[in-house]
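The structure appears right after this line, and notes come after that.
Chain nomenclature is as follows: A, B, C and D, assigned in order of appearance, with residue numbering initiated at 1 for each chain independently.
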Amino acid sequence: MTGMQLIFLIAAAVVVSSAFMSVTSRRMIHAALWFVLALLGVAVIYALLEVSFFAVVQVLVYVGAIAILIIFATMLTRRALEDHGKQFNRATLMTLVIVSVIFAGLVFSLRSWPQLQSMTAPLSADQLDVGVLGLALTAPDGFALPFEVTSILLLAALIGSIYVAYERKEKKK
Amino acid sequence: MIPLYWYLLLAALLFCIGLFGVITRKNAVGILISIELMLNAANINLLAFWRYLYSDTGDLRGQVFVIIIFVVAAAEAAVGLAMIISAYRQKQTVVANEIDSMKG
Amino acid sequence: MNFIYDPVPWVINWLTQLLLSWGLSENFVTTLLYLIGAVLICLGAMLFTTMLIWAERKIGGRFQDRLGPNRVGPWGIFQSIADMLKIFTKEYINPVGIDKIPFNLAPVLAVAAVLAVWAVIPFSQTVFGSNINVGILYIIAIGGLGEMAIILAGFGSNNKYALLGAFRAVAQLISYEVPMVIVLLIPVMFSGSMGLNEIVQAQTIPFIVYAPVACIIFFICSIAENGRAPFDLLEADSELVAGYNIEYSGLKFGMFFVADFLHAFTSAIVFTTIFLGGWQGPGVEQIPVLGGAYMLIKTLLVYFLMLAIRFTVPRFRIDQMMALNWKILTPLALVTVVVTALVDKAIPHEMTVIRIGALLVVNLIIWLLADRMITIYRKRNPVQVVTGKLRPLARPEFLSVAEKETAQ
Amino acid sequence: MLNEWLYLGIFLIIALAIPAAALLIAGMLSPKKPNPIKDSTYECGMETVGVSWVQFKVQYYIYGLIFLVFDVEIVLLYPWAVAYNKVALFGVIELILFVAILASGLLYAWRKGALEWV
């Protein structure tokens, strides 16, 4: 076993266990904190894949923004369902069975796939360059359109969620 | 070096955990967290495939896809949480089953 | 390689040879050297903080017409060491209802999030830590971990004020991250890389010359990220008791204290690296160790400026602070990035003088326009001044003329 | 690149370990004499009232929301900024379009009054 494999295994164990904790813990804020740990583990996985840009963006966007937003929302809605009452549906056992079947199916279908064992060499300096991605994102025959569309998507999300969440002052008076 | 299927197994496991959460959680915020976990599993898969099978070809679709998933995850979190907060303010509940004002 | 001109790589080289001659494998030696380097930098930064605390208190004292620490040792130089010894023996109070793990993790994470920035800083041409190609984003991302530490502290303490303080702090930090991230696009554009090494190497002329407005915005944002005056609302004593660290005692509180002081210095280093050219200066090509000295001098200057601002400017109100960020800095940053990108694209890079001149003029225009717009806005919506009865002053001769007129 | 990440990982672990070790040492040196008054939640000397989980105003969420959207969008611009010296004028025009869309979101939030603290 090489050092890299060891790091992968540790990171994977952290990701899986904290993801499990985050879907099962009773208090929502704990779930959110476990979620953060899982995200950090995923960032380590990205770093092992040598996609540094995504590793950092994972921390920046998920931990720095999405997780904080989730914690804010938890704080705003925390009177309901906190520490009392059942946190889960009745179908827990049933779901466990279904999910295990899906996992087994995934593993089974993967087993027959020829490229399963494929290995890869370390990336060259050219492939590590984030600028290549930038060029591809702005080239008209590349991904310029999806790139602009993402900004429209975010604009829609911003306007929509401000419209939904913002307290209308007139209504209150 | 790490073989490709390690990443795939991890992603599959993460996806299944997320799926479990989505189905069993009552709290809408919890459901959202679970969905984010599933999106992360998809991201791991996309990047692993790109890295192992496409990084030599100069094909960047894998990375671009991941970027778009990041954006979608952010948008989803923003809108989803805003709706949860709004529903909470009107109904004092975050239980997904009880938020049913769209029902006829 | 000469020891006097470039000591650190010389030592590293010597150590590597020594360890390899012991028959250790190459990977192991690399890891071991990384470990030694990391321990040295972290310990050095932590110990340096004690000096920083002393310096800051002393300088702050002078700014405010006091003496500052002056009892322990000459000029009170051992004051913070005495403080450190004292705080080491103070009791940890664990209030009722705390959430153990978050409560204890928060101070550790707060320090770690600041220390981690030092991993990517190039100290001189040959002495640098990790040269990852996403250095700038890494620094911002690590800031996100600091926010997480604050949330953990606020939520773990089981205290209303701590939680309120934590949320205010996080709201402030995330808000000021936005113009910061926008403005950092400009150094990346000029140097064509996100790695801090490449950014410093590209600054034969420091970026402050190319992009003064961006530089000012970044400076303001880094002060706000430190939570220093005038942005010290997170510990506004009169409103929030003491902010998110209210329930902490002993060294756990000390850790937040250390993180605060170290953060100020760290942001001075980051500012120096990104906008002032880091180790660049005359003669660094021949004598690389000079680079470290230049870096230190520039950083101390920036740090002194931050202190000067801290000890002279009064605190913002929270709505003013948010308005400054969202209504002034963010639009200004967006405009600056767009205009800089356009102008820089239009002028070929060989014509250095014209390029600098054009960028300077453009920046000046942006600045004046912004100033003009704010002035017009203020004229239309004058600030409502709340006046009360004038209280007697100890030394009335210091009243300004205008105040005297209103007093009469 | 992996070596750089290795150094970063080691550095992060050390950066976590040093403050943790300091806290542990101080924990051994310090006295431990808890009593109920000392351990009660601090509330300016008053008796603690209610749970610590006060309700927050929605404004925190709104700021978080605007921050999230801006953060994601700007981070996407970083690959573009790295490639800035290689992109044609078209790329800059694309940037302007991108920023304009972003700015219109900010303008909406501004007009809506979502940027006001009170």
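Going forward, a contact is a pair of C-beta atoms (placed from the backbone, for glycine too) under 8 Å apart; a residue touches a chain by one contact, two chains touch by 3 or more.
The model shown is predicted, which means the values in this text are computed figures rather than measured ones.
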Legend entry - Pair joined by more contacting C-beta pairs (A-B or B-D): A-B
Inset, instruction - Could you pull out the chain whose C-alpha mean position is farthest off from that of chain C? - result: B
Legend entry - chain A-chain B separation of Cα centroids, rounded to whole Å: 6
Legend entry - Computed distance of Cα centres, chain D from chain B, in Å: 21
Inset, instruction - Please report how many Å separate the Cα centroid of chain A from that of chain D, as a whole number. - result: 17
Inset, instruction - Please compute the C-alpha centroid of chain A, do the same for chain C, then give the distance between them in whole Å. - result: 29
Legend entry - Contacts with two or more other chains, residues of chain C listed in rising order: 31, 132-133, 137-138, 163, 167, 174, 177, 192-194
Inset, instruction - For chain D, write out the residues touching at least two other chains, lowest number first. - result: 1, 5, 8, 53, 56, 58, 60-61, 64-69, 71-72, 75-76, 78, 81-84, 102, 109
Legend entry - Per-residue overlap in chain A, given as positions that touch at least 2 other chains: 4, 48, 50, 52-53, 55, 57, 60-61, 64-66, 68-69, 72-73, 75-76, 79, 123, 128-133, 137, 150, 154, 157-158, 161-162, 165, 167
Inset, instruction - Any two chains that touch count here, so list every such pair. - result: A-B, A-C, A-D, B-D, C-D
Legend entry - chain A - residues contacting chain B, complex: 2, 4-5, 8, 12, 15-16, 19-20, 22-24, 28, 31-32, 35, 38-39, 42, 45-46, 48-51, 54, 57, 61-62, 65-66, 69-70, 72-74, 76-77, 79-81, 86-89, 91-92, 95-96, 98-100, 102-103, 106-107, 110, 115-120, 123, 127, 132-133, 136-137, 142-143, 146, 150, 153-154, 156-158, 160-162, 164-165, 167
Legend entry - For the chain D and chain C complex, residues of the former touching the latter: 1, 3-8, 10-12, 14-16, 18-20, 22-23, 25-27, 29-34, 36, 38-44, 52-54, 56, 60, 63-64, 66-67, 70-71, 74-75, 77-78, 81-85, 89, 92, 95-96, 99, 102-103, 106, 109-110, 115-118
Inset, instruction - Using the touch definition up top, name the residues of chain C that touch chain D in the complex. - result: 30-31, 34-35, 37-39, 41-43, 46, 87-97, 104, 107-109, 111-112, 115-116, 118-120, 129-133, 136-138, 157-164, 167, 171, 174-175, 177-178, 181-182, 185, 188-189, 192-194, 241, 246-247, 250-252, 255, 258, 318-319, 322-323, 326-327, 330-331, 334, 337-338, 341-342, 345, 349
Inset, instruction - Would you pull the chain B residues touching chain D in the complex into a rising list? - result: 67, 70-71, 74-75, 77-78, 81-82, 85, 89
Inset, instruction - Quick one: which bits of chain A touch chain D in the complex? Just the residue numbers, please. - result: 4, 7, 44, 47-48, 50, 52-53, 55, 57, 60-61, 64-66, 68-69, 72-73, 75-76, 78-79, 82, 122-123, 128-135, 137-138, 140, 144, 147-148, 150-152, 154-155, 157-159, 161-163, 165-167, 169
